[in-house]
Amino acid sequence: MDPLEIDEPGRRVLLMGNEAIARGAIEAGVRYCAAYPGSPSSEILASLARTAPRFGHYAEWSTNEKVALEGACGAAYTGLRAMATMKQNGVNVASDILTAMSLAGNPGGLVLVVCDDPGGISSTNEVDTRNYARLADVPLLEPATFQEAKDMVRWAFSLSEELELICMVRSVTRISHARGVVELGPIEKVARTAVMKPEQRYGSLPPCPNHAEVKDKLRRAAEIYESSPFNRYAGPERPELLVVTCGTGWWYSTEAIRMLGVAERVGVLKLGTTWPLPEALLKRHLEGASSVLVIEESDPVLEYNLKALLSKEALRAAAPSRLLGKVTGTVRGAYGPGVGEMNPNLAADAVARALEIEAPSLPKPLRESMQAEIDFEIPKREVAFCPGCPHRASYWVMKNVLRLDGRDGLLIGDIGCYTLGFGRTGYYLSRTMHCMGSAIGFSSGMAKLAGFGFSQPTIAVVGDSTFFHACLPGLVNARYNRSPFLCVVLDNSATAMTGFQPHPGTGKTALGEEAPRLSIESLCAGMGIPVQIVDPFDVPAATRLLYRALQKNELQVVVMRHKCAVLQGREEGLPARRVWVDAEKCIGEQCGCNRFCSAAFGCPALIWDKEKECAAIDEVICSRCGLCAELCPGGAIRITEEEVQP
Amino acid sequence: MTALRKDPFNLIIAGVGGQGNILASQLVAQAALAEGLNATIGETYGVSQRGGSVMSHVRLTAGTPVGPLIPQGEADLLIGFEPIETLQVAMDFGSPQLRVILNPRPVYPISVLSGDLAYPPMERILDLLRGHAADLSTLPATDIAREAGEIRAMNVVMVGALASAGLLPMDKESYLRVIRDQFRGRAREINQRAFETGYEALPSAHA
Amino acid sequence: MSSRDPVSDASAPAEKGPRELREEVLDRGLCTGCGMCLDLCPYIEEMGENIAFISDCRGDQGRCYAVCPRTPTDLDALRRFTRSDHRSGFLLGPYESVWMARARDEEVRSRAQYGGTVTALALFAIETGRIDAALLTAWSQDPDEPYATMPLVARSRDEVLSASGSKYTAGPTLKALDGILRGDARKVLVVGRPCQVLALRKRMRIEDPTFPGERIALVVGLFCMWSLSYRDFEGMIEPLAGGRRLKRIDVPRGRFIVETDREAFELDHDSVRPHARQACRTCFDFTSELADLSVGSTEWKDDWNTLIVRTGAGRDFLEEAVQKDRIEIEPFPKDRLRLLEEASFNKKKRVLEQLEQQAKTTGMEAYLRLSREEKEFFLSAHGPGSEE
């Protein structure tokens, strides 16, 4: 049985952090859930969509995060409990409505869950979205465990209703994408009819009185926080060092204390409610603590807020003589304080430094003893397009076209699977990679520079999901302002990077229902932009088409359409055929001077048989797409239609 | 309650995206949970669905759950799905007490396939692990999986081997129950067979 | 420095490869678009008459470099290899005789640019079984590229006829050569521009005599002053032709006339010429001096060709074609020959001076390696037809 559907309070189940967040919403009786996929947040909405039939809530993949939050907001205006979830980049997209709607409030419980990605493990930045809580004047909760992830989300709904203000819950990769034991709670049965009454009006004009009102709400939030069970202290009554921490910082802090064996000397004050800060609670714990060390993920947000609080007249007496953290350089990071992910070792290092322990006796990793014996380079495993990925074919084509064109043409890319165009398997072709849809904006600007001597043709590359998410205004702009560039939409029929979520072009909703399939080509045609479609696996046709398009000095769209290989495999299994290398025909090192297929093409399944001195295919990895057979100049890679063991 | 040799017991599964790393870590954690232990899994995977480094930290404890990241040098057991991934994880998280079970079949990084770098000689990798860790067992898990009928069930073969190694307290039956719970039909059959073959395949550990 | 040119000397290994081909030729805009390297290597591809490395080959030496008409070229060594006679001097390269020539066949002549000599030679070779196919350049059939050319492997009369008429861009026709020879054609006739003839001879010289050497029955070289950059050509033609297929291009004495299916229009010759490929400005050879037979216009009588017999193979072939009444020849008037020589002299002198100048400014040796005697002939003299 799906653990999220178990209605058995007290039952302990193993949940992913994102599932725990979803369960919290379910237990709170959430009715409306919306999200745009993005690691490490995607599994929240996926879990809610999966369980929607059981609990009757609504869940959707919205076209972008702003729309998701606006949808949830709309639901909250009608009195329902609603939630929007997104990754850190998504809050930037949603920030316009977030900073506006908080001023006017909402009657139904409204929760924004943001999953940050410290260290940028699966992101292009490591933005700390807690800063938005202050920016938008909204209460912030930070779970430190899987249990809290569930419980806090549940509580966030009632807090939001009590304050009539959206609440933000900030998770991080190590909670969202980790798993642990969670004790389930009861599922609230909330029977509410959605209605917006005549007297209900929500507008942020005039802003100033509204702003004052939301400040009042925050003061009330701080009062409520004073007695929150999510804030707790553990340790000696009068610790030599008080660690103030939140989120995963708590985990690393307690681990650090264990590692250093300093449990008698160090106390830990864990805060779950980090904006606004509960003053009285902090005053109580800080009074008498001479050394305070703040350990938290990402930016020193808690640290700054604490410093600001301690500058208040009423709290000045509680200010410790030493307040240590990232600002003081006590808490370090892989790339400097506040840069990169926290971990137990960094926390132990900080605690040791705060306690002035000279050389903490921590276990030495094997690296130190092994290093001397390693007389070879360990090859780095670069991120790469998956075997069979249509984007590899598309990038192969675009690389060839740009080279054949010979005018130093540029590939302007952005965010999606095709971000990997920045790396080796995308032939390092992408020249930009920032945020969704920005390839269009960049190209739109660059293509207007002919008058300043700019003569390089431009290909703007976006994905299918990105197209719907953030490309339409940019294309409208380019069309309106007559900016001549080639926009290539890499359509792999999924939001593949984040786990194959459907989008408006796929004909399916998050709930698995049939949906109108929005056509990229019709949308472009509707704007009067010439559009062509080609299958990137037809390399010669795609190359010709793109080359020809690049010769024209006008705005055009080419959709390179081929389904994601992983998705294809999931839906239909591997094709019943074998792709193999005919060792007799393969001329190996002699081919095009040196193994053209593996050296130039870059498929992870196309390996090298040292003994036979010829190419080979790793059957475990190969997706049987067969593109290599087309590229092999000697016809040595063969496809045999036959049933093969999966 | 089931007792661990060391508490928390820290296990890492190291491999490459697409090898079923995450499923393997869940099988172990669920089996532990079924026997009353607490389990935390921290997974590190990058942006790519297939082909990037993947590392799962599985931490078992009879006490309060611990965090998802194992501190450096504190891993007790390392299940390696891929040799250089295993070597690097051993270097960062292993101590001289580390035990390693390794499938010595390489998955070549793109930089090797392109001819820029060489894959290190397998014997050197094995020597290093043998010389610095407490114990190294190798298992041709991919070949075993192929014989079991599904080459991609290598992960479950390795879990079978881990279960038989006697390092974790869980019963063989607990793992099998998890497999039965998680799979239906042919997948269940194949995974059961993969687990059983893996369980029998590590002769040294039964001594 | 070795006295032997390492590149064009078959006994020495090629010391340079793809990197140098890119640096010395492609990146400097010196590619002639001949197409010779294309079929030798999967790393090199062509589109729109641009030739490029689609991926960076790591090989450190290669035939791609050795066969290129813009890599170091020892012209005397190639002349010896082609067994062409030297007595005729430097002006038009080695040759035995020069003729006025034209096809006997009315249909051939009606479709030809001038006298139809090339078409008649190719037809004669096919019809008498001397070759299995002729490698020609025809207008592209691709509706997306109505102004482009394509290599045509002609095996029938209709196919040969379909390639009639001059083209003024640099179709990479030689890319199809290996494909034909690896297919079912045992012997072929190749028609090419001077750069293509040069590339073909360089290739034949470094490779085994049996392949492709002996398989090439006859090399017919065209006269060529320059070829246009395809991109520029398309840019000039498109507004006028509007996507309609080209039928014929004529460049009669300082005019540039383009005919489509529907109409003819004229471009200003002086505005067309600057769009010649950069590589053409470094070309020393406008009469295909390493061919067996060279054919071009007479710049005088529009239904005749100038035909230069350069090798024994060329002479034998022509004699038979004349004997079998396929080709009609007449002696080439002395005064016309002097004009031809003068045109050649002027081009050679201009190019040599430019190459010398470039070698001085870039510090890179010019691709063309000539004997001191030949070089001085052009750089010091005023030329045969000089009025001074």
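Every chain is named by a letter (A, B and C) in the order it is written, and numbering of its residues begins at 1.
Note that in this section a residue touches a chain if its C-beta (ideal position, glycine included) is under 8 Å from a C-beta of that chain, and two chains touch if they have at least 3 such contacts.
These numbers were taken from a predicted model, which means no experiment stands behind them.
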May I ask you to sort the chain touch graph into line, ring, star, complete or other? line
Chain pair that, of all pairs, has the most C-beta pairs in contact: A-B
Averaging C-alpha coordinates per chain, one finds the centres of subunit B and subunit C separated by a number of Å equal to 65
Cα centroid separation, subunit A vs subunit C, in Å, comes to 58
Cα centre of subunit A to Cα centre of subunit B, whole Å, reads 27
Give me the residues of subunit B that touch two or more other chains. 115
Per-residue overlap in subunit A, given as positions that touch at least 2 other chains: 594, 599
Flagged in subunit C as touching 2+ other chains are 58
Taking the complex as given, what residues does subunit B use to touch subunit A? 16, 18, 26, 29-30, 33, 38-53, 65-74, 84-85, 87-88, 90-96, 98, 107-115, 117-121, 124, 128, 131-133, 142, 146, 149-152, 154
Subunit C - residues contacting subunit A, complex: 17-18, 41-43, 45-48, 50-55, 57-59, 62, 142, 144-145, 231, 234
Subunit A residues touching subunit C in their complex are 399-401, 403-406, 427, 543-544, 547-548, 551, 591-594, 596, 599-600, 631, 633
For the complex, give me every residue of subunit A touching subunit B. 12, 14, 39, 121-123, 145-146, 174-175, 177-181, 248, 251-252, 254-255, 259, 343-345, 348, 362-367, 369-371, 373-387, 417, 419-420, 424-425, 496-497, 499, 566, 594-595, 598-599, 602-604, 606-608, 618-621, 645-646
